[in-house]
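In the two complexes below, chain A is the common chain; its partner is chain B in one and chain C in the other.
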Partner chain A sequence: MSSILPTRLGEDPLAITTRSLNKRYGKIAALIDVDLQVPEGAVYVLVGPNGAGKTTLLKILLDLVRADSGEAEVFGLSSRSDGPAVRARIGYVPEGAGWGYGWMRVGRVLEHHSTYYPTWDTEYAERLANAFDLGMDQKVGKLSKGEARRVHLVMALAHRPPVLLLDEPTDGLDPVMRDETLGLLADHLAETGATMLISTHLVHETERLADHIGVIRGGELQAQLNVDDLRRGLRRYRAEVPTGWTGSPTLNGSVLRRQNASNEIQWTIWGDEGDVLAQLKGSGATVREAAAVSLEDAALAMLSRKE
Partner chain B sequence: MTTEASYPRVTWQTVAREQASAVGVSLRREGALMLGALVLLTVLFTVALVRHQSDGNGPVSLNLDPSILFPVVILGFLVPLSVWKGEDPSRREYHWAMPIPRSSHAILKVIFGWSWYMAAVAGVLIWAGLIAIATGGDLGIGGTDGVPLWRWIVPFAAATIAYLLGSMVALGSEHPWAWYAGVVIGFFLLAGTAAAANLPWLLDILGAIRNGPFGLETAITGEIPIPREVTTSWGEVRTMLVGVPALTPWIGAALLWLGLAVSGVLAIAFRHRER
Partner chain C sequence: MLISISASDARPIYVQIMDEVRRARVLGTIEPDDPLPSVRQLATELRVNPNTVQQAYRELEREGIVFVRRGQGTFIADSSVNGAQRRLLARGVAERALVDAHRNGVGLDELIAMLHEVAAGQSPPTTNPEKPI
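This part shows the complex of A and B:
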C-alpha cells in the first residue's frame, strides 16, 4: 500500500535501523520491506494490532528471530553478525512471561542476570525492585504475568542500557503499577538519555513519553514520524455539509478516518491545515472545528485507514 | 553513539563462574535426591548386614567394583534434561539473549553440567569405597588380583558419553523423551523385523551398534561379549555371550562414541551462532 504518511525520518543520527527487512512464517508474511528508523535518544512507539509484526521486529533486533532478508542494526552494529555487542547494549522486556529461569528465585535470577552486564547498577536495581514491590524469594515460574513483567523491567533497566526494547511493557500490570512503571521509565530516560523502542497497542499509556511513532499493519510499516510533525499534520475536522454533499475529491487520498454524526461529518485528515480547510470550504462544507488529535486517536486513524 | 570499543562487556571468566553456580543450582534437587538414595542404601545395607550377623552368620564384606557405577552412568542420559530444564529450543530465548556468543555459551553450560555430574559419579564411587572399607571389603585398586586401573576410568568415560549423547537431545530437541523412547523402541522394532524377516545383515548392523567392538555397550562397560560355555544351575552346558574386560576394543569404542557425541553437541550448539 502506498502511504500518504511519512515513512522516513530526517537526518538525525539513528540508534536503530532496519533496511528492507522481510520475514515470513510459512505462508504468512510477518514483515514486508520494513525500514525502521529510531533516532538516538528517541522514545519511539511502535503501534499495531496483534499479529502486525511488532514482536518479530523486536526479536530480529536481538537476533532471536532471523530475517529472511534485509539488515537490522543497533548503533551501526549488525544484529546478526555483532549479536553479543548489540545485545550488551539492549535492555529487553519480552512480550511473554517465560523469561529467565522458572526454577530460580527472583533474587537469584536478578543476581544471575547482573553478572552478564558489567554496567549493572546494584543500587538502582534495589530501588527498582522496591518500587515494583518484588518478592525476592518467589520462584520466577510461579509469578503472575504482572509480577513477571516487573521482574523483566528490573532486568532490562538496571544495567542502564543505551537502548531499551519494550514489548508491551505494561501488559498485565494493574493501573497503579502501570503508572509507577511509566514514571520509572520517564525517570530512566531523564537519567540516561536512552533510546526506547516500545511496542504496544495501548498507545494512550505511552503518550506522555513518546516523541516518535511508527505504525505497522500486516507486516508493513505504514508510517513513522516525529510526534510533533504528526500533531501538526494530522488534524480532526468537524464540518456541517449540505444535503447530497458528495465530498471533496482532492482530499480523499488524505482522509484517514471519517465518522458521521447527524448532519455533521468528522474527518481525520493528513495535510497542511490551511490547504485542507480551503478544500473543505470549496466543496461546500462549513468547517466548525479543526483540532489536534491525541496520539491514540492518531494511531487509531492511521490503523483504520482503508486501502 | 556508543562504540564497540567503549562499551563494557562481560568477561568469559565471569560467565564461567556464574554458569558453574547456576548449573549447580539447577541440579540441586537431583543432587539432593541422589544423596537421599545413598543414605537410604547405606541404611538398608547396615540393616541387612546386622540381620545377617545376628542370624549367626559370619561377617560379610562388600568389595568395590567399577560396575557399581553403572546405574549412575545410565543417569547420564537424563542429567542434561535437568541442566537445560525449562529451556527446550523454543523456550531458550533468555539464554540466546545474553550478551555473549551463543554457541560458546551453550557449550559452557554443557561443560559445567558435565563437571557437576562427574563430581556426582566420583561421589558415588567414594561412597562405595567407604562401604567397602567399613565392611572390610577389597577396594580393588591395582595389584595382580585387583581391578586394572583402566577399568576405573571406564565409568567416567561412559558417563561422559551418556551425558554428551543426552546433551545432544536436550540441546536440539523440543521433545527429548520422544527421542529416547523413539530410539529404544525403533531399535527393538528393527531387531524384531530383522529376525522375523530373516535379514542377517540388519541384525549384524544392529548388533555392531549395540555390542560390537565399536558398540555403545562396549564403550559403556569396557567389556566385549565372548562366547563361553556356561553350566546352568540345572546342569545344562550352554554357549553364551559373556562380557570380558578388553582394553583395546574399549579404547576404540569409547573414542568413537565420544567423538560422535562431541561432534553432535558442537553441531547443535553452533546451529545458533552469530554469522
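This part shows the complex of A and C:
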C-alpha cells in the first residue's frame, strides 16, 4: 500500500523506536511492520480508529504483550529483554480500569504504587489528586470510569518518568476534568520535558499539545511526521473548475481527500503550496482558497482516504 | 496581561501569542518593563505545548518587543511600541480580510468600498452581523 505522507522522521535522538514490529491475533494482523519513531521530548499523538493497533503497540513497548517479530526500544533498552528497566522509566495510563484490588482505597493504591518508584513525589501526587478532585477514601472498585482514569494519571505522573504512555487519557472525563487534565499535562511537560506518546481517536483535544503525529490504520503506520511539516505541507484547496475537470495526472497521487460538486472542488492535497497552485492553475482551475488544515481535519483526511 | 488564543483561527498558535502581545502593546494594556507570564504558566493556562510558548517568546525577543532578564523572566522592551508594530498588526488584519474576500470572489476595490460603507453604519464594530449575507 502506498503512503502519500511521510512515515519516517529523520529526527534525533529518539526516545522510543520500533523496527518492523509485527503482531497477529489469530487471523487478525494487529500490527504490520510498524516503525515507530518518537523523538526525545516530543508530544507524539498516535491517531487511529478503534482496533487499529494503538493499544497493542503501547503494550508491546511495556512488554505486557510480546510481538511476533521486530524490535521495540525505549531509550535504547529493549522492551523484551530489559522489561523492568523499561517499565521503571515509563508512566502508563492503561486503556481500561481493570483494578485487581477493587477493595483498596485510592490513598492505599497510590501508597502501594509509590513504593515501586524511588522518584515518587508525595507532594506532587497530592497536588494532582486535589486538582483531579479525588477522595483518598474512595474504594477503587467503586470509581467511575473518569475517576479511575484520574487515579491512573496521578500514578503515571507523580514519579516524573522520562516517558509517558497515555492510552486515551481523557476517555470518560467530563469537559471540566478534560480541560484540567490538558492543563496538568502542559504543566508537567514544562516542568519535566518528558516524552509523551498519547494514543487517541479524539485528536482535537490534544491538538495544542502535539508536536508529532502518527496515523495508524489496520495495523499499519500510514503517516508519521512533525506537526510543523504537516501544517506546511497539507492544504485544503477550494477551486472553481471547468465541467468534466479531472485534476492533473501529476497532482492526483497526492490528494488525500476529494470533495467534488459539479463545478467546484475542495481537495486536501499534500505538497508544496506553490507547486500545487501552479498545477491546479495549469489544469484550468481557479483557486479561491488554500487553507491550513487543523490536526483533527488532517487526521480525518488521512483516515477517510479510500484504499 | 491577558493572552487568548482560538483553535479555529488559521494562524499557528505561536503567531497568535505573538499577535496578542503586539495587540496589548498597541492598545496600551501593557507597558515597558511589565513581565510576561512564564513559559510554564502560559503553557498551562492555554493548554499548549511549552515549546510553542517558547517559540513565540523567542520570536518576540528577536523582533525587539520583549527582552529576557537572566533568571527573572521575559519583559516588555522600551522600544516595543512604534509604528512598525502597528503596521504589522494592521497588515495581519488586511491579509485575513483579503483571503476571505478572494474566497468569496470579492475584488479589492469592492472590498475597500464595502469597508467604508459598513463602517459608516456601525459604530463601534464589535460583533459580526448575524443576518445572512
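As a convention for this text, the second predicted complex is superposed on the first by the 301 of 307 C-alpha atoms of A that agree within 3 Å, B and C clash if a C-alpha of one lies under 4 Å from a C-alpha of the other, contacts with A are read in each partner's own complex, and residues count from 1 in each chain.
By definition in this document, a residue touches a chain if its C-beta (ideal position, glycine included) is under 8 Å from a C-beta of that chain, and two chains touch if they have at least 3 such contacts.
Since the model is a prediction, treat every value here as computed from it, not as a measurement.
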Chain B and chain C placed together on chain A: clash or fit? fit
Check your understanding: Thinking of the overlay built on chain A, is A:L182 touched by chain B (first), by chain C (second), by both, or by neither?
Key -> second
Q.
Under the stated touch criterion, which partner chain does A:R127 make contact with: chain B (first), chain C (second), both, or neither?
A. neither
Query raised in the report: In the superposed arrangement, does A:L64 touch chain B (first), chain C (second), both or neither?
Result: first
Query: In the superposed arrangement, which partner chain does A:S81 touch: chain B (first), chain C (second), both, or neither?
result: first
The answer to whether chain B or chain C touches more of chain A is B
Between chain B (first) and chain C (second), which, if any, makes contact with A:P118: first, second, both or neither?
first
Practice problem: Could you say whether A:E191 touches chain B, chain C, both of them, or neither, answering first, second, both or neither? | Solution: second
Value for angle(chain B, chain A, chain C) over C-alpha centres, in degrees, nearest 10, is 140
Is A:G100 in contact with chain B, with chain C, with both, or with neither (first, second, both, neither)? first
Distance floor for C-alpha atoms, chain B against chain C, superposed on A, in Å, equals 19
Where chain B and chain C land on the same part of chain A: residues none
The answer for chain A against chain C in the complex is residues 43, 179, 182-184, 186-187, 189-191, 204, 207-211, 231, 238, 288-289, 291-292, 294
Listed in rising order, chain C residues that touch chain A in their complex are 7, 10, 12-13, 39-40, 43-52, 99, 102-105
As the complex stands, chain B meets chain A at residues 1-4, 7-10, 14-15, 17-18, 22, 25-26, 85-87, 91, 93-94, 96-102, 274-275
In the complex, chain A touches chain B at residues 13, 15, 40, 59, 62-64, 75-77, 80-85, 87-89, 92, 94, 98-104, 108, 112, 115-119, 141, 162
